[in-house]
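Shared between the two complexes below is subunit A, which has subunit B as its partner in the first and subunit C in the second.
Now for the complex of A and B:
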């Protein structure tokens, strides 16, 4: 029983004290039998606020602390650390929320908000009075990580991890690394091609033998927890003999009689059934068995190759699974109805593959209309896809540079050429391209007249004038949507409202997911351009290194604990445990501390109350309920 | 001062990006020296009310870091200190720092504020952008870290009252600059941004004079970071949102976006990336504080491009904030002291004149001495004076000098999530560099 509890009530600079009468809360608890001191302060989380607590712990010999302020998500650790510095076991600090739970939700009734705060604080005092001193769990962290996705984000992660001496397993489902960035005709702001960037990353990646690349790989199982993840992959065969030279590959590709549409160029060009990707990795060929006729003209085929299964382990997982372009619906701006309505990624490849003159489906392109915000800022996808404005401006400039005179119309809502990208917007204007602002309530309509497409649009910049713009090609500036991956479900990572993966907090934990040890990088989190993608990848590595380079992690001690006296070995808990952390040994339940997540399901079901959750014991809850009964 | 001769990493700038980088790299086990030229860490973020699009209070994000930095066993913090010289020797850097005199013995000061109470000199308070005053002996702001006083000798009248009032005898008028030499393994530049000075946009009538109304001097035309202070929980007038001219509650306000951004005539052609969103957020906070208040935003393009931004913009639009696509030509002052916005509405083609109680200039961001620090470090800058990123697509935290990395808005304007990402990116590049140099 704790006899000398200190209680600290925070104003949160008005966030709490505007509605909760903090002085009244202090008054209500300061004379309770086991309360040694109760105070209020403008910002408990500030240095001065923390010092207040530390001084009291030392001077008044406190054996328990209650802080009533914001959500424990924000500052529980702050106050625990402060207590520890003053010599008090940090788990004797109880942090309760009177901001989100009182002032913010009951701003219409300050008196009731104050009453509720008083009861919350009183119950916290009851809880901390029965608290035990606990020690954090220390997990060893082997310097080994798994990166899922071999686009530029995944490659950046792998390189940065490897440089720090960490072993990396890089898993890619396609036969080659590079992802969608490889398909970009011209990157902004560097002006390189996407495949230049991929090549640079590949060259860097090849220097590190501690990066293990698995292409053509499918993840079939993923499990584990921080410090010990297991990912089972099946690597599909390339059906090409190992150790063949580059020259042999070149000849083999030449000999292959089967031509199919090349998905890398969205079918604008053909490839063979056996193929390689220039400037990518691995520098090996692959045979597309959906189209191969097994003639073996190539001479390097090996049809006997079998799938291989690997079980990879890593202390952490970084998801860099990416996003994909929004696929317009049939008829959306006449997409799928007229051949000459295409999407921006296809246009990018068109720029790359055309030589001399810009041609599509047998027609020379002289007039182009770009329609912005397709699949973004709509009812279906409310979010802005961020990259498309500048990517479109950049593609238009690239087209002009490569093919000379073109008449270009930008049919937009807002040009979001943020930051230094403003210069692209300016350049496009200087080049004489025209901007037409459309109303999303009355979007442009694409029709055909003779051999031209006509874009009918009401221009908000000229007071709503009806315009008819005749063009040869309509390019839909499509947004990004998340690339689904099986591993999301296997690891149970949460999604945000926009369908992308959800970080824990956009500022405080921007690359962490709710699953400990699973981080996110690149566009699986939200649409990003290549700069933001590689930055976020390095950032995820930076955060991961706080464990992987240091070599251990310290975790909260809130896990289940069995009282063998009370346990009768009924094994209800074993069946219920979602983490598989409980087994029966000699007729008693035993907890695996590394696996237990502290969810408390076992304790709730145990018929003999033999399982307690450390820090959340039955008797603590009973004491809290006893207090709240009075409320 | 217990300063070691050598640290793994020197971090220049104790704003949010610098604090983030320091904490992450220190958590990974490296020794960090964090240098901040101002008397407190916290940067601009600690001055801000709430952050978009989540409307978390900025203090709740910043103060824990400000408290954690000086407490961290692997971080040595030097405030009021500038980098004077850097020389690369082999793979390491010899750094000369100068700790400016506070005229208060830092180790002795307990931050009680008695010197502040007795000091008779009143000058505009930097932390509040001049909305209120501070003393010549002062603690920079309530939540300062370290919470230590200093004396502004330019304004001090040498009356000695602070010296007599100090319970710790911590005042030292003979304090002098101290040179410090250290060797570091890698450097992170996190020098952040400065605000565009709205005085330069003469047509908008901002003079910085917040007390009197003369011809063309209107204290009811303020800049957005001043408005940020008026909306903050720790607001200078102890009640949210009074206009500085006469203390009236402003019932109609307008925001003028792109003040000092996207403006070649002022030498800053680029967009400042955050002004659209912070203005939308301020409009929301204003209409929450003054429910009968009306807010109008004059914009060229609304750039709500980050995660959750568009949704936030839509919500604020639905709450009744008025958006006018137009370019503000000038701001005049009516006889009653109210500002009048003269703008061309792009959608009607008309020139419109509208009177408001207060106008907020949504000022852009400019480099914060990055040209000077770049010269000292020998790294390149871009055409606008920000730290250049030679491998911007592949490795954005890299600068033109191996071993020197860049975090946050030292590279250009950006919002908090992007700034944090680049800070943590700089951390992984530092660790990579340190590890490779060692091997």
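Now for the complex of A and C:
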């Protein structure tokens, strides 16, 4: 029990004192049994205000402090630091808000605002009276990080981390780096091909020996916490001898007698059972054992290679596992019914692989209808996928540029060519392509008539006129959905309503997840284009560096604690803990401090109240209620 | 509301404000929104912390209503999962209230995101109306 509490009520230069009678607040609490001093001051956060607290701590030997001023989000740290300088444990400072939560919202009723301020201050006194001295948790941080996903985001992260001298393990599940961006025919805004962008990153990545790349790798275990994560991966063999030259690889691919549909081009072209990806990494071949007939015509196969297991460690993990295009349902805009209804990613590859004339499934394409917002802004996926409007406009322009005359219809709900991408929208109009606006309540219908597809649509731009648009190809502008990964569950990262990985706060902690030390970059967080993906990757690295370069992290001490006297080992808390941070040992609950997130869920159903969250003990809450009973 | 020097408030509402809801209360201040002053705010990290018996304790010891303002699906600790766990807590609290003969209307729960000022204001108005109807 704290016996000598100092109470400080701030005027905030009138922001508080114009409505809350601060003198009355001081009067109301100064004679409480454990209050040693109560004062009001014009600006508590000023140097003079802080000095007042520091002097009192020293001269009056305070063992607790209550500051009532603005929101603790603004100055809690200020007052904690001030107390620490004066020799008081910083967690014996209770900062409460009587500005945002009181004077500003009850300016119409100063009497009531004053009474509410008294309640708030009294409850804080009760709380601090039972507060314990706490120590921030200090964690050593080795300069080593794990990046999961080798797309644009993951590669950018690896490079930026390596530049800061941090050792990086970059894990990619596919045989080559690059992710989805590698497949894009022509990227907005740069106009480069996707593979050019990937090549630039690969060239940069190769310069850093402290980046360790694991492709064809599957994560089988992930555990640990900030400062000490462990990730176990199994790397599948490439079945190709090591150290073979580029020329040998070229010849091997040529000799291979097995041809299969190339998934990179969505089956528009074939590849061999042994193959490489131009401008990607590693610059090695891989054998697709699902199709290889083990003839060894290629001459460089090594069928003896075995899976290898690695245990990687990192102080932090950046998840950059990306997103995948929405796969339309069978029959959605006749997808899966007519061959000539395809998705935007497939169209992108079609643009890349066609030469001379645009052809699909043996038919020359002269007119195209793009249908927008497929799989976005629907009941199933409520969000806007944001990249698709501009990517579709851009793909249409790319098609026109490569193949000349085409009739193009953009059948849309709303065009969201935000920011500088408005120019793409304008350009499409200038090129004479037509816009038709559909009503999501009455979406377009795709049918076949002869060798044409007919898009039936009511055009809102012409007052709901029924149109029948005959085309050779319908391209569905599909949104993005998250790419699921086992590691999400292994690390217990929370998801947003939309199924993507969720940041702690969009403005305050935009690249951090609720799991300490696990950051997110790129489209695993929400749909982004490459520009936004790159920005978020650099942001995540910036955040990681604040720990990894300094060499340690200091965490708030608000984690669960068990009173072994009271604990009967019933394990209700183990079930309640969403972080897997509690285990039963010798009949008592034990907290893994590195894993505890500090939510407090463990304590709520404990039959003996043996488990409490530090800084938020249940006896403190009861004392806060008690002190207001008569007030 | 007032008599001489003593300020007399007719009733008291306890708001358990989880991380995001606490930010919404900050935001309400910045916007100079108005809501009932018969409110006391207890800051908590996450609403899953609340013991059902603590709610009963508050209602038996001077509070006329309890508003559990959780972070909803934006919870920085649990994300979407927070919602179902909090409902579990509240269900349990309702059972306890029934046993004690305390009206269920005195306990209100709502997910409040960091900018959900309207949710805050409307919920408090509802509680205030209920309490006034009880005199």
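Remarks
To be clear about the criterion, the second predicted complex is superposed on the first by the 445 of 631 C-alpha atoms of A that agree within 3 Å, B and C clash if a C-alpha of one lies under 4 Å from a C-alpha of the other, contacts with A are read in each partner's own complex, and residues count from 1 in each chain.
Rule of thumb we're sticking to: a residue touches a chain if its C-beta (ideal position, glycine included) is under 8 Å from a C-beta of that chain, and two chains touch if they have at least 3 such contacts.
Please read all numbers here as calculations on a predicted model, not as lab measurements.
Judged by the touch definition given at the top, the superposed model places A:558 against subunit C, while subunit B stays out of reach.
By the touch criterion stated above, A:629 is placed in contact with subunit C alone, subunit B being left untouched.
Comparing subunit B with subunit C, more residues of subunit A are touched by B.
Of the two partner chains placed by superposition, A:60 touches none, neither subunit B nor subunit C. Using the contact criterion defined above for the overlaid structures, shared-chain residue A:47 touches subunit B, although it does not reach subunit C. Once chain A of one complex is fitted onto chain A of the other, the partner contacts of A:164 are limited to subunit B, with no touch recorded for subunit C.
Contact with subunit C, but none with subunit B, is seen for A:603 once the two complexes are overlaid on the shared chain.
Look at A:289: by the touch rule set out above, it reaches neither subunit B nor subunit C.
Across the two superposed structures, the residue set of subunit A contacted by subunit B and also by subunit C is 496-497.
Per the touch definition, subunit C reaches subunit A in the complex via residues 1-2, 7, 9, 12, 14, 23, 25-30, 32-35, 37-46, 48-52, 54, 57-58, 61-63, 73-81, 85, 89, 92, 114. Across the complex, subunit A meets subunit B through its residues 12-15, 42-43, 45-48, 50, 70, 74-75, 78, 81, 85, 152, 156, 160, 163-165, 187, 189-190, 192, 197, 200-201, 376-377, 382-384, 386, 389, 414-423, 426, 460-464, 496-498, 500, 506-508, 510-511, 525-526, 530-532, 534-543, 545-546, 549-551.
If you check the complex, the residues on subunit A that touch subunit C are 71-73, 97, 99-102, 104-109, 111-116, 119-120, 123, 494-497, 502, 504-505, 509, 514, 558, 576, 578, 597-601, 603-605, 609, 613, 616, 618, 621-622, 624-626, 628-631. Put simply, subunit B touches subunit A in their complex at residues 24-25, 27-29, 51, 54, 56-57, 59-61, 63-64, 66-68, 70-71, 111, 142-143, 145-147, 232-234, 262, 269-273, 301-311, 314, 325, 346-349, 382, 384, 389, 391-397, 412-414, 416-418, 420-429, 431-432, 435-436, 439.
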